[in-house]
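In order of appearance the chains are A, B, C and D, and numbering begins at 1 in each one.
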């Protein structure tokens, strides 16, 4: 294979204030499928177009936000290799034993300079409701609600973006697809480990470990419009959109789950290759970079995080 | 970077019977941009969303068809490595010196068991009209005609599919995304070296070196419909579509250039990862695999090639 | 009001061979809603975006086909006026008393020269699930299946098209939007009583009273593609499409209900005004007129009717 | 014919501060076609899908805004009839002789209680570039820019909405499709004379004769998104959108011409019939009625007019 090492965002674990409300939101409205619940109360979900057992995990807690984001690597050998490279770089790692999440093998965890916990793992069971392999139909069953196909990426807020960038590009083999350049340094960075325009992104923020949004991939601008119809119909709190990002070119809506965690539905985006030049946004154009049609940031973009 | 070795289909060179007619077709209707013409009469073209200098080459000749398809690799070291692996596998390679195509470095060429010439290269100049890097707009100028964004993939016809498959997966690091399984062996294979559902595909065919189609990527099903409007308006010969492939899930139209070379406009398609299982189509379902809505092959699919 | 007399296709009554299969088709797949069942076994349905109580009626019988198509007129005075004009023109009318269909007032029925029964009525109850009137949402509930918004029009086959045209334009105040002109006379006529490109159409056919298709309106070309996905998923017999009509410009799929009655999903179509010139299609261009992309009729178009 | 009396918005005449800038905007960006220029400097434009000679008129002046909006009626007899009804109602009319606009017959003009000049006319030449009548293609030439198909409707601001409503419904035969109901009376009314959800609308405003926007019809939500891409690309001042109206259900962007006149691109919208109930919006829901996704008015909506 030609895609090696870290393959994709594997799963994210978010904290929600009320699990029942959260499940109505993510299952009935966003369109994820429930996979299982663990004894400690976590609920495991996935999009209809994902082969892996789960990709989105909810945990009830007193405060919303992110527990961790994990990436799937291509092999156990890669997992060992990344562990060595992280340790050699000076990043301490711990190991979560296989089975802590149902169907998931051992995970290597570490804290990045922005204050977030990142994990890597090589093994996860295939979903019982994965896309068909023998003479597949387009979808196993008609998608529901906003028709989320997969957990696509996350945007995290925290300090030390230069260190985060160095770690992701030099140790974890990500590429810097785009960044916002200001006189005070990089305001934001978009990182990819694939042909997607981004797999994870960061915005500079004083408080570490904060969560801006988790994005679900939709198939088209039409589905983005349909998602907006659903948001108004069910009185889901919308932040901004339907609009487009200049950065990544994705078509988008930001909205909130009942606990205040921001979600995104995202369609399109260009095809990235590692020999593409990094795209640079100057401080005076960042508004158009984030919200291509509005040409300016809304107040919430830089301030509302969980 | 995490995408290593062969990155993508870099360019394809097709033979056309009348260059002026071909340029009207590919520039005014398909929407490619002309880059340059060489002294030997070749014309170099590209899609608006490609960074490389060119991706589509036309050569006037007495017979339509394909001269070669070339893949861009990530580095000169990879180029040397693939050369060694090809030779060790028993495939003879030749070297085309830098500059044989304007702006392109040395190329390693070889003939695969289906009778097609494949080339690899590591260096190509960046296009003068590449997508912007500083505060980019969505497109440099409004796309034209069918709004082709890039040369996306090709489907080739020839014998010895098992050998082709072995070469592409074991020497060139491609993955087999899907195949059609018949009692007489594999009828067709879809190979990818990226997150695209396919970068090149082959159908079993007695005569070697034949060309089925070159595909141009469009952004949406709406653009596919718009392309169909353009085909009728300008009396472009259409083969089939708008329809959808069960294989890759792409939304599609097959049509012909004035020389009889088949083109495709293609949108959508799933996101592939190398740990996805290979999808298998049985002989009795191949019709739905190729043309999801029609459920059967049209007569031209297996017989009309150049 | 400025739209006077006949307002729209009000309902159509079709015969089906198996009611359960028919209801699965029209409710679960096409997306109509069931309104009620009468003691004689008829089932009354409607699209989600219709105010009237019902618009689509199924009756179980030994043979598929059409019982009648009815138009809603703006007032009882208009109903009397049309009755007088029909009788004066030499068309015999009968009256179906109020209540023969639940919630529908008296209907005036007559046979047109193509052998079809047409009815007019002024009164029908408003649906209990009509689009909201107070602070309406876009839809009352998320549309289902192919997301049919309404019964839109029908195409009927029968003889005596000149007489049908004269009756519809001179007595019933329709306009001729388009027609196919052949050396043997009009092959087909598209008639409208509104801003829609057609409300009813006829194709010349030796056998009287035949049914070609009933069409359901969809909101977009994207919904047409989604409908095609549903057809393949549920193994619904498809005739042709997704494609486009040159005539009316509508985007379309023809398919069949389990009894063999042809359905259409239809989106787009131009906005017609009665001062628009009638569009004429010559015999050699009728293929493009019916199927704009294919440029020729398929065999079923002129021969398969119920 | 069944559509009688007033058929449609025929043309609107706007004042612009700089004709060259205005023409770049309306022709190159919005996609209208120039028809002719008159000796007094007016420029006559039309959308590609209109049969009439022109539908959009620009006049250079010191102040932006609206000169007049005119409706086409079905016949000279209707023109006389409306004149009689207006006069009997107490509205003074004047007559603009045939030829004052090139290709347009005599026009009956009057001032409505909101302070706007409205005209009626029965005769206008057919455009030389009208949609084809013999074996028509979907479009005469590929649409350009935002691909405006026609001048669709206008929203006007002024006082005396009750009187305006009475005049339009009782004298001019319009229907009230929707209105915003507040404790202080009707804030806004949407009036239709066709199957369109609105042909003209009014918002209550102290100053008479003000102009809120003229709308151009697009074919789809995809074209609305494309229009937004064009606005950012060419730095066109955008007011709000892409979004949707709860009222009419249209998909929309508000933006400004270089003189500050607001434009709208508008797609979709429900099919109206005169027997539909009038939809009522309460004061607390007007935000969602105007901007369905945002759920609230932006500051400009009620204040920025020309």
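Note that a contact is a pair of C-beta atoms (placed from the backbone, for glycine too) under 8 Å apart; a residue touches a chain by one contact, two chains touch by 3 or more.
Chain identities (UniProt): A, B, C, D = Metapyrocatechase.
Predicted model, so just to flag it, every value in this text is computed and none were measured.
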| item | value |
| --- | --- |
| Identified repeat of the A-D interface (over half of residue pairs identical), from A-B, C-D or B-C | B-C |
| Furthest chain, CA centroid comparison against chain D (Metapyrocatechase) | B |
| Mean-CA-position distance for chain B (Metapyrocatechase) and chain A (Metapyrocatechase) (Å) | 31 |
| Chain B (Metapyrocatechase) and chain D (Metapyrocatechase), separation of their C-alpha mean positions in angstrom | 47 |
| Length of the line joining the C-alpha centres of chain B (Metapyrocatechase) and chain C (Metapyrocatechase), rounded to whole Å | 44 |
| Sequence positions of chain A (Metapyrocatechase) contacting 2 or more other chains | 137-138, 220-222, 229, 232, 244, 246, 288, 292 |
| For the chain B (Metapyrocatechase) and chain A (Metapyrocatechase) complex, residues of the former touching the latter | 1-8, 49, 51, 72, 74, 126, 131-138, 150, 173-175, 193-196, 217, 219-222, 244, 246, 249, 268, 270-271, 273-282, 285, 288-289, 292 |
| For the chain D (Metapyrocatechase) and chain A (Metapyrocatechase) complex, residues of the former touching the latter | 221-222, 225, 228-229, 231-232, 238, 241-244, 246, 251, 288, 292-295 |
| For the chain D (Metapyrocatechase) and chain B (Metapyrocatechase) complex, residues of the former touching the latter | 137-139, 142, 145, 220, 222, 229-230, 232-233 |
